[in-house]
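What follows is a pair of complexes built around chain A, which joins chain B in one and chain C in the other.
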Partner chain A sequence: MEDREIKIALTGNPNVGKTTLFNALTGSRQHVGNWPGVTVEKKSGRVAYKGYNIEVIDLPGTYSLTAYSMDEIVARDFIIEEKPDIVIQVVDASNLERNLYLTTQLMELGSEILIVLNMCDIAEDRGDRLYIDKMQELLATPVIRTVATQKKGLCDLLDKVIEQKELKQHHGHEIGYGNEIEEKILDIEKVLIEDEKRDKRYPLRWVSIRLLEGDDNVKGKIVNSPVYGRVMAIIDSIDQEEYEAEIADKRYLAINTIFPQMCTRANDTLTKSDMIDRVLTNKYLGIPIFLALMWGAFELTFAFATPFMDMIDLAATWASEYVSSSIHPDWLASLVGDGIIGGVGAVLVFVPNIFILFFLLSLLEGSGYLARAAFIMDKLMYKIGMHGKSFIPMLMGFGCNVPAIMAARSIEDEKDRLITILIVPFISCGARLPIYVLFAGTFFGRQAGTVIFAMYILGIAIAIVSAKILRETIVKGKPAPFIMELPPYRVPTLKTSLIHMWDNGFMYIKKAGTIILAGVVVIWVLASFPWGVEYGSEASYVGSIGHAVEPLMKPLGFDWKISVALIFGLVAKEIVVASIGVLYGTGDSSEALSERLLADSGVTALSSLSLMAFSLLYMPCVATVGVIKKETGSWKWTIFAIVYGIVVAWIIAFLIYQGGRLLGY
Partner chain B sequence: MDIKRENGNDVQDTSTPMVFSTVTGSLYVLLGLLQLSAGAIRILIGPDVQVPLTNLLFIPADIIGAFVLLLIGTVFIYGVIEMHSGIFEGISYAYVGILISLIFAAIYMLVSTGNMLEAYLLKNEDFIGWTPASDLRPGIYLAILPLFAFIKWKNMFEPINESRL
Partner chain C sequence: MLDIQDTTLDTLKPGEKASITKVRVKGSARRKLFDMGMVAGAEIELIRNAPLGDPMEYRIKGYHLSIRKEEARQIFIQKL
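Let's look at the complex of A and B:
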C-alpha cells in the first residue's frame, strides 16, 4: 500500500515566521511573537492534503546546528534522530546571507531540504530583487515563496512536499573545506567506519566535521565507541579553534560566492525600522521611552478597564443577591454566596484588566518593540552581571512566569540561564495584577495606575539586584557576550493580538473555575468551622491559622486575614484576592470589598503598599515552582528560589511599612 | 518635504521638519515644565497653591505625565540638533516624536472614554459633574500638531534610498 504519511519539520533562524507558517498549515494557534526565541519546545500538528496525512513539527529557531544552546540541540536531535521526510527551512528573504549558513549545515546533515522564502515583501519593499529560479539551481533545492501571515503559497508548498516525497530524490550538496581540512575529515571518517555498531543515523562526514569543530555533544555520542581513542588522537593533533574558524570561513565563502547570483540588494536604505530604531535604541532616550511606554500601558490597563469592571460588578452583585435569597439551607447559601461567588467573583471582576494588559503586551511584542527593550537594557544587564538575552524571559514574565522560565532555554551559558530562572519569578505576572488593582484602586484613587506601574518596576529592580548578588556570590563568573538580531518593526495584526489576549485571558478565567474555586471552598470551610462559630471570625480555623502566622506578618502591617490570604496565595496568586473576598464576606462586589477594606482599621494605604510588594516578591505559584524544578533539574535550586523569594519579600515589605511609619505615613 | 537638487544629486531638505520639530518640541517642553511644577508644588506645599496658567491650559498636577511631555519634547529637540548639524537621519526623531505623541494622546483619550462611561452610562457617584473638559490635558491637545504633520507627511517617511540623500 502506498505510504500516505509524510513527516515534515520546520526549521530556520529565530523569528523568520516558522510558527506563523505552522499555524497557517495546521490551523493551530501557537503563540507567535516578533522576537527570537518564542518557540522553545517542538510543537506538532497535522494537515490532511490531497489524500496525504502530513505531520508538521515546528522546531525552535536556531542560527546554526552547533548545539551551543538547548534549543539548538532540540532542533538538531530531532532532524537527525527522527529523520523527517522533508526538512523545510523557513528563510527570511530580507536576511538571506545569514540564513544560508544554516542551509549549509542542513545539507551536510544529509536532510531532504525544501526552502520556504518568507518575508519577501520586506526585502522587496526596500528594493531587493530575488531570483528564485537561480536560487533553486544553485542550492539544488526546491524554493517556494510564501506569505504565511496571509496564507499565500501554502498549496504550492504542500504540492512540493508531496512531489519531493514521491520523487524520493536526494539532492546532495557539499562544501569543500580545502585540502588540509578535507584530509582530516577523511581520516576521521576512515576510523569511524570501522565501528560497525556506530549510530548510522549520523552521516560520517557530518560527524567528522562536527568533531573538528569541537562539538562536545557529538563527542559524547561516540565516547563509548572502540575507535574513540583514535578519533581523539586525530582531533588532538590539530589546532581546534583555528579549524573551527576556517570551517566557518569556508561556509561563508561559499555563501558569498552564490549570494550575488540569487539576490540583488538595494543600496543602503533608511527604512522606517531604521528611523524608529535610531530613536528607540538611543543611549539616552531608549530607557526613558521604554519606561514611559510601560507606564502608559499600565495606566490604560487600570483606567480604561474600570467601567468594565464596574459592569461585571453590577451584574454579579445582582446574581449574588438572587442566589443568597433563593438558596436554602443557610449553610449552602453561605457556601455559594460568601464562598464561591465571593471568592471566584472577586477574581473574575479583574478579567477586563487582564484582557487589556495582555492585548497591550501583545501589541508591544508583535510590533518588535520588546526585542528593542532587551537591546537597550543590555548595557545595564551586563554591568550587573547578567546576559542581555535574560531580559526577554523577564519581559515574557509580565504575562506568565511559567513560559518565561522555559524561554531561558535560549540562553547558551548555563550560569546565565540559572540566574535568569531564579530571578524571573520576581517579574510581575498577570496573576498579581488583581491584587494591585484592588489595593491601589482602593487606597490610591487616581494614582492607582502609577502605583501599579511602580510595582512592575519594583519587580524588575529586585530581579536585577538579585542577579547582581547571585553573580557575585553563589553563581560566580562573567556573562557571555550578547548578540541578538533585532526583528524589523511590523504593524501587529489585530487578529494575532486578539488571539493572544483571548488565550491568556481565558487561561485566567479557567483558573477561576478550577484551582481558585477549589481554594475558596477550602477557605470557606476553614472560615465556617468549628461548627457554630461566627463566619470568618477569629474563632474559626482560618482565624487560628491567621493568628499563628500573625507575629511574623505584623511587622509588615498585615493582620491575620491578610496573612491567611497570603498563605493560600502560595497555590496561585489570584487566590489572595479570592481569599480576601471570602474572608471579608462581601459577596463578589469589588466596590463593597473596597469599602470594607477602607473601613478596616487594620489595612491602610501604607500596609496595602507593603502587601502589594510582598505579593509581588514572595514564593512563586505552584506551577512556577514546578517549572523551576523541571528546568534546573535540581531540588536545591528550587528550594533556594522559594526561600530566597520569601526572605526578599519579607525584607522589602518590612522596609516599606516600617520606613513609611518612620516618615509619618 | 521638498527635494532639492544639489551638485547634481537629489538632496532632501529638512528645513520644514526642523521648524515643525522646534515649535512642537518647545511647546511640549514648556508645558511639561509647567505640569512638573504643578505636580511638585502639589506634593511639597499642597493643593491650595496654584501654578499660573495651569487652569487656563488644563494642566493637571501629574508628575509622571509631565515626564512624558518632557520626553516627547526632548525627542523633537534632539532631532532638531541633529538636522541642524546636517545629519539627515535626524529626521527620524521627528517621525518617532510624532508617533509617541500620538500614542500618548490615544492613551489619554481612551482613559477619558473610560471616565465618560463611568459618568454617563454607569452614573458612578465619583464622576458626578464630570465633563469631557475634565480630562483635557496638554498630552491631548498638543498632539493636534503631530496629527496634522502625520497626515500631511504620510509619504515622507517611506523608505529613503541613500542615493537620494
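Let's look at the complex of A and C:
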C-alpha cells in the first residue's frame, strides 16, 4: 500500500518550543534558542509513522496573525495559501492566556487545529493546574500534552494527527464580536462575495475582520478587486482604531471567560527566573554584569583556543614539510605545499576560536539572556537611532554576519531592520579574526590582545556612527516602539549548544574545504603563470593585478601582494590570510608566515594596523552580500552596502596609516 | 472617576498593580500591544525599570513584557 501523505504545520507564539518539537518529530537538528524569533524561515522535515508519510513544516513564531512583522507574514501566508491538512499550535502551558489569543485567530482562518500543550512541567512546577479534558471541550479542538525536550507525548500527537486527518470533522468555533461589529462584518462579506474572481482560499469572514482591524497586507490583496471602492467606503465609515481595540478586547474576553475553567494558576510567587533577573537586570549590577559577560566571552574565545591552535599549526607545518620533500615534480609540490596546505591550513588554525565563539553565543541564547541584553541596551541603542532588538543580530554578528543579518527579521519595523542589515557587516565576524591574530601577533607581541580588542571596538564604533548617519540622512525617522517579551530563564541544554557549535564550526571547515580551497588554487595558478616566472613574483599574473590596484592602495600602506590578498579576500575574509600564506610561499605554519612578514615583507606595524582595519571594514564577503540582497530584496541597498563599506574602509585605513606616519611611526 | 483618564502606565511604581482602561498608542504598535494582551481590563504590574531607566518590565497575563516609557505614557490605567 502506498504511503498516505499528511502535511502539518507547526505554529505558535515565539519561544514556545516549536523547533524543539520539530526536531524531536523529524530527527532534524534545527537551531533552537531562548529568545523570540530564532526561527526566521519556515523549515520542513518528514516523519514516517504507521504507514503515513507526514511532512512537518516549522513556521516562525507569531503572537498573532496580524502580520506585524515579516515572520508573521511568512507564517500567515503559509497557513492560508498552502492549506496544510492540520495546523498544530504549540502552546506554552505556563503562558496560556496570551497563547490562546493566536488560537482564536487560527480558528477564524478556518484551519484544522490541534493544540499541543508544551512546557506543562514548567507550569506545574510553578503550582498551576491544567485541566486538559475541559480545555478540549471548551476550545472544541483536540489537546495533546508533550514535553518536547524529553520527547514525551510524540506518539500521542502523531496518532491524533492521523485520527483528525481521517475523520475530516471540523473543529473549533468562532468568536462573536458584538452586534455592531458583526453587522459591519456581514456588510463587508456581502460586498466581497460579489467579486467572482476573489481568492477563495481566504475565508470571507476572516478577510472582513482583518479589514476592520486595518490590516494593510489584506487590503493590498483586494486592491485590484472591482468591489474595492465599496469595501473601502464601509471601512471609512467606522472609527477604525476603536474597532481594532474592540476586536482585540473581545478575543481576550472570550479567552478570559473560559480560561479559569481550564487552568488554575498558583499565586504569583517569585520564580527562580525572577530572582535571577533581580540580579542580572539590577539597576546597579545590570550593566557591569553585561559588560563582564561580553568581555568574558571574548577572553574565553582566545584563552581556550590557544592550545588547540598550536596543535593544528604543528600538524599543518609537518604536512607541509612532508609534501615538499616527498612530492614530485616540483610544481605539484608547490601547488599542494604552498598553495593548498599553505592557504587552507592558515584558515583551519582558527577552527578552535570559531567553535568556542559559537558555543558561548549559543549558551547566551539558550539561557534567555539575549532578550535581557536587548532590554538593557535599548536605551543606548535608541540614542544612536536603533532599536533594542537590533542588539541581538549585532551580537550574533561576532560569530558570522550571515545568520546575524537573517536574525534581523524579528525586527518588525522595516527601517529598523534595514539599518541593522546595513551595519551588521561592520561587526567583526569570526572570519576576520585570523587576519588580526596573524598581524597583531606578528607585529604587536604582548600587545596583540589589546590590538585585536581595539579592532572589535572599531567595528562597533563604525556600526554605531553609520547607524546615526543613516538615521539622519537616507533612512529618516525614529526607531519603532520596543515591545518585547522577556522569556523565563532556562538552563541551556549542553546538547543544543554543542550541536549549534558543531553545525556552525563545521560550516567554517566546509568553507575551508570548498570556497577557500578553490580560492587558493586560483591564487596559486595566478601566482605561478605565465609559465616560467618566479612563483608569486611581480612578473606573474598576481603581480600584474596587484600592480594595477597598487596606486589606490599605496596611501594605505599596502604593497601589491597585500592588495592582491585583499582582492581575493572579497570571496571570504579568511582568504586574506590564506593568500598571504600562498604569496609569501611559507608552506604553512603561521609561525613561518610571521617570520616572513617580519623579515622582508615591507609590512610594518603601522601598515599592519591599517590592513587590519581595512579588512574589518571593506566590502562584506560574498555570502554576506548574498544574504543582504536576499533580505533587503533590493540591489540598490546591496550595492550601497558594498560601496559604503569600501569607502569607509579606505578612509579609516588612510587615516590610520597617514596619521601614524605624521606621528612618526 | 475623574482621575482615571489622567493616570498612565508610566507612573506605576515597581510592585504596583493596575488595570488598563484605554490604549491611546497609534500606528502598528497599537495592534502589537493588543496582541500582547494590553487590552482594556487587563491587570498589569510594574516589575522594574531597565538599568538605564528605560524601557520598563511589566507582568501582564502571567508573563513579562517590556515596553518603553514613551508607549507607557499613552496607556491609561486605574491603579488597584
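Following the convention adopted for this analysis, the second predicted complex is superposed on the first by the 586 of 665 C-alpha atoms of A that agree within 3 Å, B and C clash if a C-alpha of one lies under 4 Å from a C-alpha of the other, contacts with A are read in each partner's own complex, and residues count from 1 in each chain.
Here, a contact is a pair of C-beta atoms (placed from the backbone, for glycine too) under 8 Å apart; a residue touches a chain by one contact, two chains touch by 3 or more.
Not measured: the values here are computed from a predicted model.
Looking at the superposed arrangement, the partner reaching more residues of chain A, out of chain B and chain C, is C. In the superposition on chain A, A:L663 contacts neither chain B nor chain C. In the superposition on chain A, contact of A:I376 is made with chain C only, not with chain B.
Contacts of A:S64 after superposition: chain C is touched, whereas chain B is not reached. Of the two partner chains, chain B is the only one that A:D125 touches; chain C does not reach it. In the superposition on chain A, A:L270 contacts chain B only, with no contact to chain C. Contacts of A:E241 after superposition on the shared chain: chain C is touched, whereas chain B is not. In the superposition on chain A, A:A48 makes contact with neither chain B nor chain C. In the superposition on chain A, contact of A:L96 is made with chain C only, not with chain B. Using the contact criterion defined above for the overlaid structures, shared-chain residue A:A303 touches chain B, although it does not reach chain C.
Within chain A, the residues touching chain B in one complex and chain C in the other are 268, 274, 282, 285. Within the complex formed with chain A, the chain C residues making contact are 23, 25-26, 28-37, 39-42, 47-55, 57, 59, 61-68, 70-71. Chain A meets chain B in the complex at residues 125-127, 266-272, 274-276, 278-280, 282, 285, 288-289, 292-293, 295-296, 299-300, 303-307, 310-311, 314, 450, 453. Within the complex formed with chain C, the residues of chain A that make contact are 63-64, 66, 68, 94-98, 101, 213-214, 241, 244-245, 248-249, 252-253, 265, 268, 274, 277, 281-287, 375-376, 378-380, 382, 388, 412-413, 480-488.
Across the interface of their complex, chain A is touched by residues 64, 67-68, 71, 74-75, 78, 88-89, 91-93, 95-97, 99-100, 103-104, 107, 110-111, 113-115, 117-118, 121-122, 124, 157-163, 165 of chain B.
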